[in-house]
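Below are two complexes that have chain A in common, paired first with chain B and then with chain C.
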Partner chain A sequence: MTLLRLHKVKRTYSTRQGLFGETEQVSAVNGVSLSLERGRTVGLVGESGCGKSTTGRLALGIELPDSGDVTFDGTRLPHPNTKAWKALRRRMQLIFQDPLGALDRRLTIGAQIKEPLAIHKIGSPADHEGQVHRLLAAVGMRPDQAASYPHELSGGQRQRAILARALATSPDILVCDEPVSALDVSIQAQVVNLLLDLQKEFGLAMLFISHDLKLVGCLAHEVAVMYLGLIVEQGEPATLYNEPAHPYTKALLAAVPDSTRRGPRPLLSGEPPNPAARPTGCAFHPRCPIAVPKCSQVEPALLPRADGRLVACHLAHVESAAGEKVS
Partner chain B sequence: MKGSRGDRLSSADRDPAGATPLLELRGLTVSVGHLPVVAGLNLKIARGEAVGIVGESGSGKSVTWLAVLGLLPGSLAVEGEALLEAENIIGASEQRLSQVRGGRVGLIFQDPISSLNPVQRVGAQVIEALRLHRGLRGYAARTEARRLFELVGIPDAERRLDRYPHELSGGQNQRVMIAMALAGEPELLVADEPTTALDVTIQAQILALIERLRREMNMSLVLISHDLSVVAEVCDRIVVMYAGQIMETGSTRSLFASPSHPYTKGLLGAAPVLAQKPQRLASIRGHVPEPWNMPPGCPFEPRCPYAMPACSAARPLLSNLAPDHQSACIRAGELPALARHGPT
Partner chain C sequence: MTELASASAARPATRRRPIPRGVVLAFGWILLMILVGAFADVLRPYSITALDLSARLTPPIGFGGPITHPLGTDELGRDVLSRLIVSIRVSLLIAFGATVLGVFLGGTLGLVAAHFRGLIEQIVLMLIDAQAALPFIILALSVLAFFGNSLALLIALLALYGWERHARVARGLALAASTQGYMLAVRQLGAGPWRLYVHHMLPNISATMIVSATLAFPEIILAESGLSFLGLGVQPPMTSLGNMVGYGRGYISSAPWILLFPSIVIVITTLAISITGDWLRDRLDPTVS
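And then the complex of A and B:
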């Protein structure tokens, strides 16, 4: 069941180079469609500046798209900071990378978990104490840790506390923006396992945003690869990871550190591109090892292939059409 | 994991018995008050050898190298020896240390933006290093700086010399840091999480660059990382640290083929692999002990799935499993039988 749907959302920012420079339009998200379903996770991957975090904020309605729309349970998201939006917000929660920055240093963990309960008037204040303990237990923390301040906890425990706070409003959707990037692998594994358990228990729909393909593969039922504000390939991790169709997906996979690799690997040359200077045609063509003249002229559409995935590459389209003729 | 690396020499091949290591740490101890955060570390780095240091935050992997290079604040006491060939640089004068840092030993840190001077052009910063360590000035220094920029793959090097750090991307700033570290023609490059803050595509470029430079210039490399797969790609030998001690060390091949410390096995199990559907990771329970909360015996004992009463009796010492493989676990011999870490 589709809970949240982004339909061709676009978001452009205006920036200025220097104090007196000309303003320029930076297209952060350039027409992205995604669906989140109950009990399932969509992983969003790409380099910095590809628009994955902006997509997450658009999904939550923290920002409004310039065009396209976001619907939650069939109705369009209301304007931010309106009453209707605030009511919806309890059903959608965001957790992000820096657990210390997301917590208030002057309040105990318990007080911070209680806050959303009070704001959204969930249960009676008398029940809140018990609810805090239940939430702490759900994320594997002890009841006495409700009295701790953020600085008294380790990085992993802080991330757990943030999860407990996010779960306080019994959300349907969790958007996780690089939630474990700052953690050690052993703690990262604990948080990944916790997210899997919580999803199973509460049927959460999750959007998991990360630059780490390995991590996304552990959590996601579906992976979308973004490049300069567009999804270039989308499908099940097994399909994408085993047989990437888009040259950018191939390049990302080749860049993943692998202790079993022998010899040099194909390296993607160049830097992540600047969204303010979007190349014509396929945005990836200046870095693409197999680009043909058409790639710099015509923007490829995101089209389905026989195996169910979507891909936006002229050459992959030709390849798939040829394959279908043969079969 | 069958990482057969036929193209690489193991440390044993590179370091014939009797050859003086480039750097040798003997009983290196760093303490806050009376609490050791690095506890009696012994380690040899051979010429041309690439050694990876892995462990979680708080394992002492960075502190060790800051101590060696005299970069720790005075509140931390450093004991033991760090022999750079015959010279002990622990407790050396600040003047001597500043010759060593950036001279025989180059340094790269995780966050290039905060290591570079934000109000000085990047070229001037490299030229400064060339003046300090090689006495180059004027045109010669600028020419050499441009050559270094080209060497580390900065496009349009001549113009980039005149840029400020904030005008360059994270990846390019890291290349500037590497150029600066190479300015003194170091024999040893110490890289502390050099790619952690970078995109995966740029991380791959920087690792390939470090690997290439090390071979071309026959440098030794110490690569500090929390990511075993990163060090495995670049290093001949891996040192696994925990609570300020070495838990296991061995050639990259043998460490991955037969991890012989439960902590190494834990790190390998917790690291995500390219999974194809949602799956749980083998997490290590608990967390790294604080220096004031150190268990009496093996520091990993409270988190270890294979712990026995004997483990808390005394701190286990590193013992040989093979000529190029040592573990500080009293059950090291039984571990492969207890549970073999499967291939990824």
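And then the complex of A and C:
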């Protein structure tokens, strides 16, 4: 059952260069469709600046899309800062990249975990203490750490505390925006395992935003690869990782360190293009090693392939169609 | 209770830090000043208007003066100690009142500007610039000329002295804080403006606001002395520290004690306020140990 659905959402920011400069339209997200289901994780990967985090904010309703719509449980998300929006915060939570920045350094961990309970008036204040201890136990922390200040904890413990705060209202959706990229690899594994356990326990729908392909492969049920505000390939991690269909996915996977690789790895040439000046046709064609003239003229649609995967590439569909004919 | 005990056992350094001796002294002085101000009517040996023309300009004890006037007398034979005690009450009332009022006014306007942005922010900024461009003495002159003089009016007027700085500081801090992760996180939790500003923003910007206030306090004492010196502040026969310094200036070579004792009180009090404010700022910040 679909809990949250993003339908062709677009978000454009306008920036101005200098005081008298012209305003530029930067489209951060350019028509993304995604759906989240209870107990399942969608991984969103891509290089920095491709619109992953904006997609996350749109999914949470922190920002409204310029066009397209986001529906949660069948209804459209309300305007930010309205009463309905505030009430909805109880059901959708966000995990941040920087665990120290996301905690108020002047309040104890316990006081901050209690906050969502107080905001949404869950239980009586007398129960909150016990609730905090249960939440801390759920994320693998000691009850006496409720009296600690954020700076007294390690990075992993801070991220656990933020998780405990996010889980306090028993949300349905958890959006994790690069939750472990600020942590050591050993701690990353702990936090990721914790996320997986919590998802099983609470049946959370998760949107996991990361640039770490391996990590997303470990925990997502479905992976979406973004490039310049668009999803270029989407499918189950096993098939997507074993035989990537989109040349961009191929290049991303080739960039993942692999000790068994022999010979040079295929590298992408050029910089990611400026989102304010999108290339015509397929946004990836200036960097694509296999681009044909059609790529610079016609924008490829995100279409399903025979194996159920969605790919936005003219050549990938030709390839799969040819492959089917042969077999 | 057991939790508290284990928490403090885990971090004895931050919880049981002894208060530095300088802060104890500063705190003691402020307490003394408050007590003197509160019980001024009981403590003063003479009335502040009691003239003793036969004992004009007697020096303090230790400089050839009699025991009846421990700090000497002024040009009209009034007891300097009595006038000092009453001056402390009047000046503390004015300085504390005006500082608190000024920080409250400036802080509120600064937060309002940072919260609403747009037109409201522009209006607040315009007010700030207008206040900063206007010489305070001219403003004080016109207000006092139109509305007469009273203690309440003087406090309100001196609150205008320095509010624009508090407003600027508060607005800048609030703008910086509102982009930080913790503010976004709490907003994302569905918190209302009261929780956002009072529970999270204020404690985080209080350190700088306290420093701003402790800087304003001595300035307000000096501004009040300036006004009194011009005859616009506290009106004789009432007295204040600035008033005493102002009138004692004429006798600085023949009877320096008239001016010296209130000056000493001004210096020590402002120093004590600064030390206490500094310590309070560190104390309120759990990351400083």
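Operating definition for what follows: the second predicted complex is superposed on the first by the 324 of 327 C-alpha atoms of A that agree within 3 Å, B and C clash if a C-alpha of one lies under 4 Å from a C-alpha of the other, contacts with A are read in each partner's own complex, and residues count from 1 in each chain.
Here, contacts are C-beta pairs under 8 Å (C-beta built on N, C-alpha and C of every residue); 3 or more make two chains touch, one makes a residue touch a chain.
All values derive from a computational prediction rather than experimental measurement.
Participant: Assess the superposed three-chain arrangement around chain A: do chain B and chain C clash, or do they fit?
Facilitator: Fit.
Participant: Please indicate which partner A:Glu115 is in contact with in the superposed arrangement: first for chain B, second for chain C, both, or neither.
Facilitator: Touch partner of A:Glu115: chain C, not chain B.
Participant: Looking at A:Asn242 after the superposition, I want to know if it touches chain B, chain C, both of them or none. Which is it: first, second, both, neither?
Facilitator: first
Participant: Considering only the touch criterion stated at the top, classify A:Pro143 as touching first (chain B), second (chain C), both, or neither.
Facilitator: Second partner only.
Participant: In the superposed model, which partner reaches more residues of chain A, chain B or chain C?
Facilitator: Answer, by number of touched residues of chain A: B.
Participant: Quick one: is A:Arg106 in contact with chain B, with chain C, with both, or with neither? Answer first, second, both or neither.
Facilitator: So A:Arg106 only meets chain C here.
Participant: So in the superposed three-chain picture, is A:Ala189 touching just chain B, just chain C, both, or none of them (first/second/both/neither)?
Facilitator: A:Ala189 sits against chain B, while chain C stays out of touch.
Participant: Contacts for A:Ser154 in the overlay, against chain B (first) and chain C (second): which applies, first, second, both or neither?
Facilitator: The answer is first: A:Ser154 touches chain B but not chain C.
Participant: Once the two structures are overlaid on A, work out the angle chain B-chain A-chain C from the Cα centres, in steps of 10 degrees.
Facilitator: The three centres form an angle at chain A of 80 degrees.
Participant: Closest Cα approach between chain B and chain C after superposing, in Å?
Facilitator: 14
Participant: Per the contact definition, I'd like the list of chain C residues that touch chain A in the complex.
Facilitator: The contact residues of chain C facing chain A are 3-4, 6-7, 10-11, 180-182, 184-186, 188-192, 195, 199-200, 203-204, 284-287.
Participant: List the residues on chain A that touch chain C in their complex, please.
Facilitator: 60, 62, 85-90, 93-94, 96, 98, 100-107, 115-116, 119-120, 143-144, 146-149, 151-152, 162, 165
Participant: Flag every residue of chain A that touches chain B in the complex, lowest number first.
Facilitator: Counting only chain A, the residues touching chain B are 41, 47-48, 154-156, 184-190, 192-193, 196, 211-215, 217-221, 236-238, 241-242, 251-265, 267-269, 271-272.
Participant: Give every residue of chain B touching chain A within the complex, in rising order.
Facilitator: It is residues 1-7, 56-57, 169-172, 199-205, 207-208, 226-230, 232-233, 252, 256, 266-267, 269-284, 287-288, 343-344 of chain B that touch chain A.
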